[in-house]
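Sharing a structure here in structure tokens format.
A, B, C, D and E are the chain letters, set down in written order, and residue numbers restart from 1 in every chain.
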Amino acid sequence: QVSDDLVKIGILNDQSGVYADFGGKYSYEAALMAVEDYGGSVLGKKVEVVTADHQNKADIASNIARQWYDTEQVDAIMELTTSSVALAVQALSQEKKKVTITTGAATTELTGKQCSPYGFHWAYDTHALAIGTGGALVEQGGDSWYFLTADYAFGYSLEENTGAVVKEKGGQVLGAVRHPLSTTDFSSFLLQAQASGAKVIGLANAGLDTQNAIKQAGEFGIVQGGQRLAALLFTLAEVHGLGVESAQGLTLTESFYWNRNEESAEFGKRFMERTGAMPNMIHAGTYSAVLSYLKAVEAAGTDETEAVSAKLHELPVEDVFAKGGKVAANGRMISDVYLLEVKKPGESDVPWDYYNVLATIPGDQAYLDPAQSGCPLVTN
Amino acid sequence: MTLLEVNGLHAWYGESHILHGVDLFVEEGETICILGRNGMGKTTTLRTIMGILRKRTGAIRFAGKDMMGVPLHRTAREGLGFVPEERGIFATLSVEENLMLPPVVAKGGMSVGEIYELFPNLKERRSSPGTKLSGGEQQMLAMARILRTGARCLLLDEPTEGLAPVIIQRIGEVLIELRDRGMTVVLVEQNFRFASKVADRFYLMDHGQMVADFPVEELPANMPMLNSVLGV
Amino acid sequence: MMTIFGIPTAALFGQLLVGLINGSFYALLSLGLAVIFGLLRVINFAHGAQYMAGAFAALLLLTQTGIGYWPALILAPLIVGLGGALIERTMLSRLYKLDPLYGLLFTFGLALTLEGTFRWFFGTSGQPYSPPAALTGAVNLGFMFLPIYRGWVVVASLAVCLGVWLLIEKTKLGAYLRAATENPVLVQSFGVNVPLLLTFTYGLGAALAGFAGVLAAPVYQVSPLMGSNLIIVVFAVVVVGGMGSILGAIVTGYLLGIAEGLTKVFYPEASNIVIFVIMAIVLILRPAGLFGKDA
Amino acid sequence: MARGSASPAAPAVAAHPRAGTLKIVLLLIAAAALIAAPFFLYPIFLMKLLCFALFAAAFNLLLGYTGLLSFGHATFFGGSAYFTAHAVKVWGWPPEFGILLGVAGAAALGLLMGVIAIRRQGIYFAMITLALSQMFFFFCLQAAFTHGEDGIQSVPRGHLFGVIDLSNATNMYFFVLGTFTLGMLAIWRFVNSPFGMILKAIRENEPRAISLGYSVAEYKLGAFVMSAALAGLAGGVKALVFQFATLTDVGWQMSGEVILMTLLGGIGTLVGPVVGSALVVTLQNYLATSQFPVTIITGLVFMACVLLFRRGIVGEFYASRLGRRLGFRSES
Amino acid sequence: MAPVTDHEPRVVLSARGLGKDFGGFTAVNNVDLDVHHARIHALIGPNGAGKTTVFNLLTKFLQPTRGKITLLGTDITRTRPDKVARMGMVRSFQISAVFPHLTVLENVRVALQRPAELAVQFWQPLSALDRLNGRAEVLIEELGLTPYLNTRAADLSYGRKRVLEIATTLALDPEVLLLDEPMAGMGQEDVQMVAGIIREVARHRAVLMVEHNLNVVADICHQVTVLQRGEILAHGDYATVSTDPRVRTAYMGTEDA
């Protein structure tokens, strides 16, 4: 019942471009770990993991995905950093009847209008990040906001989602300034944000943009001035890159933190041994995705896509990443997310122990109600 | 004393063999003139002596020193000065900067004052960009520039090309004056009338070789031969 | 409070100052680019990568050997400059005789290689580098909070720009450099060691990029990608100033920094393209650039 | 009496008497290979290859035959991909009209960019096209219809002329092959036409061409627009092949890539860009699943090309003794 | 201006008060010039007098600072250079200007293409140009370049490049011909040949030429204008001009040419 007597999983992501630190090669390691933890085989057949670097180009990704499916017996593709790639590969996989589990891309489109019966979205999305950071911060008194938004769709949706949550919780949005993608100097924008007097400055951007904004905020004394910085998409890997000196006090949301409990700490240490870095939510999410896929294959008794997808929808997700996670009809895997704050320098002498957990947001509050996602697969 | 001596010089531009065993010598203080039709290798001879064209074999001795192994940027230091056919005035440098550019390699060069006296045009336009000069002005500048450096031997490639008669006359006077001062000059010319006024000795070049050589006194005797080769 | 177009004057001063600071980086970078282009006729696409390398050199000096900011300010440009000189000597120098496009293509490849290598070793997310103790903190100018370090950036870049300009326009060395650009063989036949001169020039240009990199390290994240986007903006600066015009590059660098800063206030979405728009306009009205001579 | 050079220039190699026949044979072999290819190789990969080959050839039309290095050709390639994808997906246009729209759009962009850039030459021209294409990149990043970094996804391939189902890989392949052949023929014609002759003359000596009464700017602009339109053709087809259009295709890295392809294959030769793009596309595909870092390798290939064999693979072959015996000649 | 002959042919090109400043430097000032049909008009003067600049102004390669230029009755002071060429005034360059990688035949054909309206046809094969071969070959024959018909221009000797340039210029059958030092760098016998050709073509065209070879000027030119420091110093036929003491000091020097 297992095609070609082999279960093969492809990890397709950016390993040399802008998002290489986000997931990158370490996601491949996480997948290998999952396979090893599962015992290396399923239904008595060997499990194999292959990986490729799509260089952030959808056509290369699409080309590789097709080749994997058509000539290399790959059964499922995971990770898929960058939304254009994730959307393209998910669409292609739907056509080819193959499973994808996205852990690296943020767009809610994957489980919205462009959802697929065989497409799954793990780890996070723009909505969860917005709710996590926006909602929880207002509850903690951060009730007036000013956004520094990257001037493209991703930035807008983060800003919009977060703004909506802030208002819903009784906070107010004082304004926003849109900065172009890949801005190196944020001082102008920071001055404007500072002048607004908002309690929270929300950074609706990603990657190097966010890092530079945070670093320069320190220079202009924004945090000392009593304002709070909230990064809407930021992970442990980048906090490490930025250094606690600059990142201290920053608030952000992730769906995983290695030092949250013993189990996660143990996982973190094993991951660290292999890679030299602690896992962020994308690494842990990829681990969980691979594990869940293997469990579904086991339960379905086959690696046939329909059956595996059905099991993926059906089975709860129980692992180091998620407790009691469930997969909704639109493919969204729903589990808890955490509002985190970066510690001050010297607050902890454990390496990579960067966060204080401020709040836990239950998955069904964090993620968009599937019925409202716009996914045609959801029947209510 | 023989200042410059060339024996069996061959030279190539890429694959094409241009000089086929050039022999010549120049006594100290003498002005020689190389005559020859277009494309016979006159310019090439000068460029090869100077070391600009480096695909070469044979022997070049200057002031007793073997020049074959001397790198290009050291040739000038030995006392050779070159004024190229295309003049080589620098557009991004002012006239004065052009003039001051070549490093002084020995004492005995002209002072800037003397030079401006010789070429008043240059003085007048000294702060304008070099290539904004007319062709003739550029020729003067190219010569003036080398006179400053104190070179012992000048290699001049067609200094009268494209010049007004009055300027040609001026340059002739300059060359005569230089000779009087003891300068050694290798002149390449097509303007035979001009050459006959300034040179002590002639070489006739044909297809990459020197085919004849005679002092200025023997010029009349050689006229028929020159006529047939040069078509003057 | 006074306002101009709805923006308080105080805030506007702040923005102007910030623009000037940014302009300092543009000026430094475009200066290096203009020096290399002006003298070697090479469009140095690797300039951004060399800027990045300067920042990394400072970072590595600190983390590997404990050498701090001030020595790094000299050492890092020196390292980058020597690296540049080495590349010039071994590779780039073979391309001078050819169409300048080959220089552009070569340095484009060099930029990719450099960037790829740093990415390979350091990943893409940035690394922190702190300003020296003497320059931390900020002063309150009344209309804004000026980080002392940023003030230093303006001073340092002005000084270096002026120095380089004087070197090239007013010294004998500069005259050799300019002449060698046009006719290296002839200058060499005058007795000047031209190949060495050109190597020096490329090294100087690269060192200027490296210097800008060290200056930038405490302000921006030290990341392999820090130069790749900047470089295109800097190209535009050089084109607006007039390719090869050293003075043009410097002045335009500051001017466009300020123009961009103002755009960030009035119409932030356009701040990334404002320089390109200015460039298009300048080219239509004055094809040789603001300071360029007619080609 | 003839005044000749002291010795003849580089030894000329006489073309082999049957060189013409041989070229035709080579051409037929290539055609046969292209027709048979999808039955042996991966069709999508082949289609991608053909698209890039056409793109590079269009680029080369400008660089190789007019001497203008555009660093902004991604604008036409990627722009057309967006236009085609939008027309086909949102407006429901048939594929052939979608592609035509892409071509027209690319030509219009070419006209716009050309009018500004043509004013300068050489390196200035390159820089200006680069900057203008950056403007277009930011436009695409923000315009609503491109869907930002998500791109236009799931573009239906539709039915060619209402009958041929392009979702079938073989049909699609032959459609792409057909377009490619047409494009290459068009380029070949441009280059070997009275117009091409004037372009060559302009490249060789612009003031002289002006003094003979040619309005140089208009000729250059014409070539620029043609090149843009053909790049657009490649981009439009690519959007249908992959069924999406994304920002990658308008970024400056893409402009760099097409230069690499052309350089690698041989500037100023008709076949060079095709060979070059085949190499680059294959290399990228191979590197994606290898342990080698893609950027470093690409960069090194670039440097090596410029330093060691700047005539490109095909160019070096043409310049070799064998190539000259076969009567090949490249333009630069 | 004194008429040179009794029945003056018509003026085809004229300049009035022509002037050009480069920055602060006045290269050409207040130049009046009339070029006549079927006449050869020489422009001579010391180096840097502004002869090439006058050429550039007349052909619109430079925009005049002052003055007015009329070509065949039309004011062309603000016309683009390619347009001027199409109106019938073609120039050669002081530094030889050929298309180096094209053959001699192709060089000449490039010039013929435009009048034959075969320049924008991107859809036609190259063989469409073959119908220009006849005319091109005649021209090439006249100038003695037939042995080099299929030689690349770059491989020609310097002198022949100049001859080729003249052939290309003549191919346009211009009304007015401007030649900048056409004989420079040519061997003696070529000078004679080219002089002959110029004399021939000037039977039904106007020719304005810059030339330092005074033998040629004396030989074939009907009118001579001497320029000095950008201004007209003298004007008339060669005999008049060459005896003018100011011309002798400024240009010719004391000895005979």
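Rule of thumb we're sticking to: a contact is a pair of C-beta atoms (placed from the backbone, for glycine too) under 8 Å apart; a residue touches a chain by one contact, two chains touch by 3 or more.
Please read all numbers here as calculations on a predicted model, not as lab measurements.
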item	value
Touching chain A and also chain C, the following chains	D
Graph distance between chain A and chain E, where chains that touch are linked	2
Chain of greatest Cα-centre distance to chain C	E
Interchain centroid distance [CA atoms averaged], chain B/chain D, Å	50
Chain centre separation (chain C, chain D; CA means) in Å	33
Rounded Å distance, chain C centre to chain E centre (Cα mean)	48
Overlap residues in chain E, where contacts from two or more other chains coincide	157, 159, 187
Residue numbers of chain A (touch at least two other chains)	16, 151, 180-181
Residues within chain D bordering two or more other chains	3-5, 9, 138, 142, 293-295
Complex contact set, residues of chain B against chain C	50-52, 72-77, 82, 84, 88, 90-93, 97-98, 100-103, 105, 149
Chain B residues touching chain E - in the complex, by the definition given at the top	37-39, 121, 125, 128, 132-137, 139, 161-169, 230-232
List of chain E residues in touch with chain D within their complex	59, 61, 80-83, 85-86, 90-93, 97-102, 106, 109-111, 113-114, 118-126, 128-129, 155, 157, 159, 168, 172, 187
Interface residues, chain D side, partner chain E - complex	3-5, 9, 189-190, 192-198, 200-201, 204-205, 207-216, 222, 226
Chain B contact footprint on chain E (complex, rising order)	22-23, 25, 45-50, 52, 94, 157-159, 181, 184-185, 187-189, 212, 214, 249-255, 257
